[in-house]
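What follows is a short report on a single structure.
Letters A, B, C and D mark the chains in the order given here, with residues in each chain numbered from 1 onward.
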Amino acid sequence: MKKYKLRTDLIADDPNLNGKTITYNDISVTIVNNHGNYITIKLNDITNHNNMKKCQNILEKEIQKILKLNNINDKDEGIIIGLGNRKSTADSLGPLVIDRILVTRHLFKISSASNNKRCISAFSPGVMGNTGIETSDIIESLISKIKPKFIIAIDSLASSSIERINKIIQITDTGIHPGSGVLNNRKELSRKTLGIPVIAIGIPTVVSSAVIAIDTINYMYKHISYMKDNIHTSKLSIIKTENYKDKIKHKELNINERNRIAGLLGTLSENDRYSLFREVLDSVNENLIVTSTEIDFVIEKLAELVASALNNSLHRQIS
Amino acid sequence: MKKYKLRTDLIADDPNLNGKTITYNDISVTIVNNHGNYITIKLNDITNHNNMKKCQNILEKEIQKILKLNNINDKDEGIIIGLGNRKSTADSLGPLVIDRILVTRHLFKISSASNNKRCISAFSPGVMGNTGIETSDIIESLISKIKPKFIIAIDSLASSSIERINKIIQITDTGIHPGSGVLNNRKELSRKTLGIPVIAIGIPTVVSSAVIAIDTINYMYKHISYMKDNIHTSKLSIIKTENYKDKIKHKELNINERNRIAGLLGTLSENDRYSLFREVLDSVNENLIVTSTEIDFVIEKLAELVASALNNSLHRQIS
Amino acid sequence: MKKYKLRTDLIADDPNLNGKTITYNDISVTIVNNHGNYITIKLNDITNHNNMKKCQNILEKEIQKILKLNNINDKDEGIIIGLGNRKSTADSLGPLVIDRILVTRHLFKISSASNNKRCISAFSPGVMGNTGIETSDIIESLISKIKPKFIIAIDSLASSSIERINKIIQITDTGIHPGSGVLNNRKELSRKTLGIPVIAIGIPTVVSSAVIAIDTINYMYKHISYMKDNIHTSKLSIIKTENYKDKIKHKELNINERNRIAGLLGTLSENDRYSLFREVLDSVNENLIVTSTEIDFVIEKLAELVASALNNSLHRQIS
Amino acid sequence: MKKYKLRTDLIADDPNLNGKTITYNDISVTIVNNHGNYITIKLNDITNHNNMKKCQNILEKEIQKILKLNNINDKDEGIIIGLGNRKSTADSLGPLVIDRILVTRHLFKISSASNNKRCISAFSPGVMGNTGIETSDIIESLISKIKPKFIIAIDSLASSSIERINKIIQITDTGIHPGSGVLNNRKELSRKTLGIPVIAIGIPTVVSSAVIAIDTINYMYKHISYMKDNIHTSKLSIIKTENYKDKIKHKELNINERNRIAGLLGTLSENDRYSLFREVLDSVNENLIVTSTEIDFVIEKLAELVASALNNSLHRQIS
């Protein structure tokens, strides 16, 4: 399972993994177990207040489950780490979640804090480009000082497809590589390196231009396949159909059709096509990492969602 | 010239237009005259202080030229309008420029202001989604009240290619359509509708996913064409070459080669390919408008560049 | 009633005005009627969610009442104007409220909007120092273009005492003077100048140093008066008492006592003392306008409070 | 010297300290040596570009001097710590300086960095209310991990007078107490606790209401004293005088005059008056910590000033 780094959210897409998808209250949750647990929650439109509440509930439950799977007890002290760069909107999920965490550790130090709260601290280590310090060094030194029983790390992820941007939450207990989407050889944060459970929670907020090009070609195949099968329907009414994406979801072209439509490009596997597009864009230095222009309006809501679920699941005896 | 709207910066790309490109001090300026003036300045990396100064100088001179071409005198009162949404980073160029404009109109009202300053006001009308008011209505009513002699409107643009994002400035005296990139039928701001010269200054900061896919395919053709011509050179050394983009700039595949490599897709004209990709992405509701993740760090510098050039060219007798 | 300008919230303090105070659900509302209506709502700690809800409810009802008193019907189109400077935290209440207003006017223009919403637009005109344009000119020109039936103007106010900062909301239908706290001779926004009802809603967020000095002397008198009457109680237990402010509220020193304690200063009326302190601080250019350092955390909540109450009372048929 | 904590900038005011004031290029620098070095630089209006440059130059030189006094060599690795709360404008000086520091430590780790730069890292630990962790614990653990040779800590300070707010910079090598202005018993950051030199740089940005009241009374005495001595001059022309503050600077009333004017209050020492006002305001819970409303416009410039001086003095071999 080495090849899956949380920084790119490829996990649940792998057809070879025995993922199990359950739908609670309209929201689908996919669970993969492979040398660790991977949970993917598909968010409904969270600008809607009711959807927000539903998503928060599911996330809260999944956090509680993964804490239990890692033998973390209700009284165990934890630290929340917000990875990423506060100044870069698409990379600011971690710090924005930290801003909203209900911290209690200092109250435990002052007096015996109330029984129904857990001892929690929260911290944003910044990024190496701004601090000059390896992020994992900052975290390691802090952990060795305050000795929590577990870590929850929050981060923005690079998306493996357009349609996942700002639309899913991933949770894993296999660790996280701060900055691995951008720079190589960052040290991993995991139970192996830190000696305590590390739960990572991430939301894909950025995507590379190569992925956008790949997705466009894939949608083109599906679109043409659907058109071919519905040749007698007016093109306009096809496209105007609600949920057209769901309709064409399982449509495929066979290799001969793909060859006719897209030549040699059509005969490449998805992995090879991705390698080609990436090579092309990297070589002209235009494989831009981009984010949806709606990010300015969505990132605060995503942070609110993650922070509320964390506050409720960590201090759950409160209410 | 109706088809060119400043909101998408297609103008200077049109091979049918007799554009003239001049290079001053490393910075290329392309001028097209077609029922109005269109100027495109190609920015060098403006995070470098020296480049910033050079670009500012060129922009300052081009603003002065277009003011003269529109018979605007040194003493004529002007208003700077910052279009776009302050809350959306990629769309905030206009309001951020307004924040940096040296306004003097209120000083002229209080006393006879100093001789070496022009009477200038500055205003950000917001966006219709937030005000409920057509942006052009706000501007028209204000113009009819304060009666300036000319308008300079600043806006973020949608880019016609990946490589232009945050990299060029366009100036025109043919008017601007606030919000035309997103909603249709916005009323145009121009000499025709307002009765006074309207100079528009824009920088492309966003791009559609369809354009990214088109650009990827185009770069692929050029890349393959170059590889074919340099078949005996090691692939790795090709790609690692500095300025690879410039090297492949004029490389093309003929239609047979394109057909072999990209099938039917390869035989489409660029316009038809764009229409196809746009249709595909629109039909699945994934034609995301995206922006580079570096926007958070670049937009302030771009605003600084435009505002400094405006302040210097409008109040140029100051120093 | 000319001397009361909403920009300083002196209204309900005047002992000569026949104010009536009613307490609903722990929250006191004072109503003064004197050539117009003045309503002062005393906020409980709004960082507490329940208090926030209570305050919002009261504010909602008072807005509905004053709309009715001004003969504004449920279907009448209105515009919300957010006065003040977005870049100055303590002066940003108006623009922050505008950001949260549910605007509908553009929907009415596109189609027949739903029956249960009112036609509302919202606008932040900025401040003259940044635009070069008299704020009242911007508003007047806009009003004459879009012709609403009434205006609601939101503004940050200068406080007449320390204890009112961020703690009360004032509503009046007598108009407002944008910027009157800082510059003189701003044109007034009122039914008289604009021809339609102008409801002003303000919250004091800043205070002058002279007012702080005055309040300190006043509290000293009350404190000494209370101490004198409780001479046998230990000083420490007096001060540690909860609600000490309420306890000393009606304590006063007579003129002889004040003379002994504060000399000639003690014999001055409150107005004369204010004039003296203002003269002293103005003459050394140190009559700083200050704001509580908690403003960064409170201003968003205050904006949320006003905007929610406005949205509910203006579109009240929604639910 | 125990009683002087950098968090309140009382140092150079103490008449018992043998401070030496030198004026370079219009800018006065006061140096006190008492169990450590205390330097106070009086800033001229830094919104003026030339003054900004002058202040930056002086600050740069004073930083170099204090580094030398602490035996810090040109090649010694250092860390800059930005104390305070990024979300509270008046308390954000530290984090804003960190955002502008030229960090190089990560480059030293990757390759042998260029000879003319020093190894520098930079870090904002946040505040205990948000992290749940004692700030000094975060710093101690980081120091023990990365082992720098010296620390420079930046912080916002509480001012000892109105006229110093945003107007002076203080430097000391005696250490700093993060948060000591607000909470008690914060652990001190100093050579004694950390084992390496700790240079603290602070700017007073906030002031208590009690201090404002004290200053008002003091200015009143000086004003009355001056008026008395200039009884034949018209009052209006006195107050309108430029630099009135300088004129009355050394004016005092004797104890009889103070008694007549301010009664018993007038006979108190300044310390006793401060204790009284503080007791009064604390007991009614109104000893607000306030900041000038201009802070939103000034804090970025102050951060720019400190960061530029630091970058130049730490990497001074660059140019």
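Definition applied: a residue touches a chain if its C-beta (ideal position, glycine included) is under 8 Å from a C-beta of that chain, and two chains touch if they have at least 3 such contacts.
Not measured: the values here are computed from a predicted model.
Trainee: Give the fewest steps needed to get from subunit B to subunit C, where each step moves from one chain to a chain it touches.
Mentor: Counted as steps through touching chains, the separation is 1.
Trainee: Specify, for the interface formed by the sequence copies subunit C and subunit D, whether it is same or different in terms of residue numbers shared by both sides, with half as the dividing line.
Mentor: same
Trainee: Take the average of all CA coordinates in subunit C, do the same for subunit D, and state the distance between these two points in whole angstrom.
Mentor: Computed value for the inter-centroid distance: 34 Å.
Trainee: Could you grab the centroid distance between subunit A and subunit C? Build each centroid from C-alpha atoms only and quote it in angstrom.
Mentor: Once rounded, the distance between the two centres reads 45 Å.
Trainee: If a residue has to touch 2 or more other chains to count, which residues of subunit D qualify?
Mentor: Where subunit D meets two or more other chains at a single residue, that happens at 87.
Trainee: With touch defined as at the start, can you tell me which subunit D residues reach subunit A in the complex?
Mentor: Answer in residue numbers: 86-87, 98-99, 103-107, 109, 120-124, 126, 128-134, 137-138, 140-142, 144-146.
Trainee: Can you list the subunit B residues touching subunit A in their complex?
Mentor: 87-91, 162-163, 165, 206-207, 209-210, 212-213, 215-217, 219-220, 223, 238-239, 244-245, 248, 258-266, 276-277, 279-286, 288-293, 295-297
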